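The same chain A turns up in both complexes below, where it pairs with chain B and then with chain C.
The block that comes next holds the complex of A and B.
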């Protein structure tokens, strides 16, 4: 008996070590491979707006801004949707519909992103262009955010597509937290003569940490998403002047440029350091999200 | 005589299960009325039927009448949020909202109900409620701190203050001391005797000693049926039903 347990433990340790080593290996290679460009340009590489392989001059600022802008659009559209969806499924929908909604939502969360990309490019982008972006530009074009004459693929489209992709994910985090609210708190709220909406509002306050966690984890996903974004973001390397500008994100930049990278001496380090920047932002965001989730769990 | 609450031929089912069986009783004003009985006899269900908190359970079905001030709360066109505001309710598990401050917990009800016009009125109401719940002196310097920092007994008195801030006529208590230590429990019991001056209190308990200590009238509920009801002193000294006698002597449940 003891022997088989020891063997089991040994296997466990080996497999766990392999996983940890892989992560460590990835981080190490990110640092080693991006080192040359940091050695040559320092951190100015992050804040420059240039992508000139001929002169071996690289800076990722437009892509970094593109990542931040498209994710910001995504999160600000996704959160109201995610909260509404979670509340509808947890509190309002009849029990018979609940399972169906949750299954659809979970299915949406697990669809391959290339499907979203294809749909985003051929269905979503033209619709957004015709019914939202063009009118916004026409009537509110004096606001800098909408100042560019839109074409279907741009940062805004990428943001909306990302919002659709992350909504089910953060919604399920919020739904789980809402369903975990102790029944006696719900009773307390109703016993005070609250209407259903007042109860929901009060209870949302109780799970605000989970909502924040859901937002942060979804934000992490939005920033890392590659294929779908690359298909709708426009892939143009200029500093964005408005939401309707074509752009790049760090991940779509890497996906689009790596086939050429080996032909140049500094493009590979430039792409690696883009990855390192993305990794660092993602790490911070995920840690923040996990911190808030832990607060939910430990509060009891 | 006018009654605080009248329950007439009340029946409750959970699905096919008959939980409360044709129960009728009336409670005079400014008394403590205890509903006692062994676990699972339907006490909590009966209590929740009185302020329609039972509506939260989609499987529960209610027949019969519950009248406050002559109005049947199960009648047509009765606003259920109005019904619940006529009662303050205190639960078995102290359940202040842990994410809200001590002040906000008490202020929540009156703010939503529009009971107060401005901030100073609200402050005054919160203070009064906390004073009546014997909690003011312990928390007056910590009003902005989260309710979760209080001890169990303090949390339960905070819940009483939260209920009182609604200015209810009747306070419903569902085994309010079941999760408290003896010292905290006796504090709550003392408090009940004070509150009787201004409110009618209906308390559910599985502990006959507690019913004997605090109540003026007592009802004995057994398997959903009202076995006996009367003045507490009579029920405990000369019970008319053998089941009641067994129960108060501690030979049951």
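The block that comes next holds the complex of A and C.
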């Protein structure tokens, strides 16, 4: 009897080890494959803006900036939406439709990114261009942020599409925390004669760490998203000068340039090292997110 | 006066919140409407079976090879990733006090958020580069890796949710550990486990980025073996949408309608399963 238990435990540990080995393998593969370019250029290729396969000269700065800019746009649009959606479904909407709202939100979070990309390219991008980007450029073009004459696919479009994609995910984290607030706190707030908005504001202060967690985890997703961004970001390797410039993100650079990479000796290492940079930034952001989410759990 | 001001602010803020919440849900409806209005008219039995059309001229064509490819890849990914994820999740739940479980859980939580293109780079290194050929197996492994953490973490939840008394009862029967976990307790956790597998299934069916680096997306052959290139529906949508040919754009919309239907079906089934639990 004892034996079957031990064997079963070992059996389970084999599978756990496979999971751990995969994580280790992924990290190792990034390091090994990016090693050649670190050896040749040091860290300078991160801060250079050049993509010249013929001269085997690579620098990923434009893609890195593109990743930061598009995800910054995404998170600043997504957070107000995500918080509102969470409060709406947890506090304001009639109880009978809350389940439906949450289902719709969860469905949005599980929609394949290639569908977002297709829709973003053929529906969202032209609309944004006509009704938001072109007017902004016309009337506020003197501000450097809007100085480029927009075409439909650019960093701004990528940021808006990412915002749409990450809002439900971020919202569900906030919603769960909001629903977990002890009921007596809410009652206490109302009994002080607070209006509904004042109660909501107070409770939002109470779940600050969940909001931070939602923001960080969503930011991590936005930075790593590949195909949807690759379809609407313009895929142009120049240093962005405004929000309306066509650009690259690290992940869309990999998706786009990978098919050519075999033909050159340092492009593959350059792409792997881009992935390593992306991985490192993403890891820090996600660990921060997990840290804040753990604070919610331990307090709740 | 002061009370009035507070009331006005209250109304105003509630209005803004409601408006923003509704605005954030508009895209999903817009996407569904656009995908079906653009794509549904191309769907027919032939569309699901036929080869894609040539870029110019010829008939309507279809997505046969990509559909076959997606079925092959998803089945493999679910078999590989599903079993690794399931047993990992079982360990995480039942041996959660061990240090191994705690570390593994942390790694998996980070892994869920890995950009999936990085998984593609990994699969490329271990399976494409050595074979010197894009191949279906690399794609299947990449998809397996993507879904392992989702399945493991959800299976963990499923087993965790079994009441402790039921676990005690199962073991007090004097059966061996495998029978207790995999027959008695699995039937108690079956809905949660099934949901976990469905989440993995939906993820594998819709994932694109890792496939870009592993299967190539050969357009005009069905299945040629696991060591050969293959296509998949998400990859076909990506490639055709970015092509310059109007006709391929149409096929991309049609394929998107097929994919959206698959995802919706999985989603609805998983909702029904969850609902049944509450009854």
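Keep in mind that, in the parts below, the second predicted complex is superposed on the first by the 297 of 300 C-alpha atoms of A that agree within 3 Å, B and C clash if a C-alpha of one lies under 4 Å from a C-alpha of the other, contacts with A are read in each partner's own complex, and residues count from 1 in each chain.
In this section, a contact is a pair of C-beta atoms (placed from the backbone, for glycine too) under 8 Å apart; a residue touches a chain by one contact, two chains touch by 3 or more.
Computed from a predicted model, the values in this text were never measured in an experiment.
After overlaying the two complexes on the shared chain, residue contacts for A:188 are found with chain B alone; chain C is out of touch. Legend: residue contacts after superposition of the two complexes on their common chain; A:198 is shown touching both chain B and chain C. In the superposition on chain A, contact of A:219 is made with neither chain B nor chain C.
In the superposed model, A:95 makes contact with chain B only, not with chain C.
When the two complexes are superposed, the chain touching more residues of chain A, out of chain B and chain C, is C.
Legend: residue contacts after superposition of the two complexes on their common chain; A:210 is shown touching neither chain B nor chain C. In the superposition on chain A, A:37 makes contact with neither chain B nor chain C. In the superposition on chain A, A:125 makes contact with neither chain B nor chain C.
By the touch criterion defined above, A:65 lies against neither chain B nor chain C after alignment on the C-alpha atoms of chain A. The interface of chain A with chain B overlaps its interface with chain C at residues 195, 198. Across the complex, chain B is touched by residues 95, 182, 184-195, 198, 202, 205-206, 208, 299 of chain A. Contacts from chain A toward chain C in the complex involve residues 1, 4-5, 8-9, 11-16, 18-20, 22-23, 25-26, 29-30, 32-33, 80-82, 84-85, 87-89, 92-93, 101, 103-108, 110-119, 121-124, 164, 167-168, 171, 195-198, 200, 217, 220-221, 223-227, 230-231, 251, 254-255, 258, 271-272, 275, 278-279, 282-283, 286-287, 289-290. The touching residues of chain C, when paired with chain A in their complex, are 6-7, 9-10, 13-14, 16-25, 27-28, 30-31, 34-35, 38, 83-85, 87-88, 90-92, 95, 100-101, 103-104, 106-111, 113-119, 121-122, 125-126, 145, 148-149, 152, 174, 176-178, 181, 199, 202-203, 205-209, 212-213, 234, 237-238, 241-242, 249, 252-253, 256, 259-260, 263-264, 267, 271.
Residues 51, 53, 56, 58, 81-85, 87-89, 91-93, 95-100, 108-109, 112-113, 148, 159, 162-163, 166 of chain B are the ones touching chain A in the complex.
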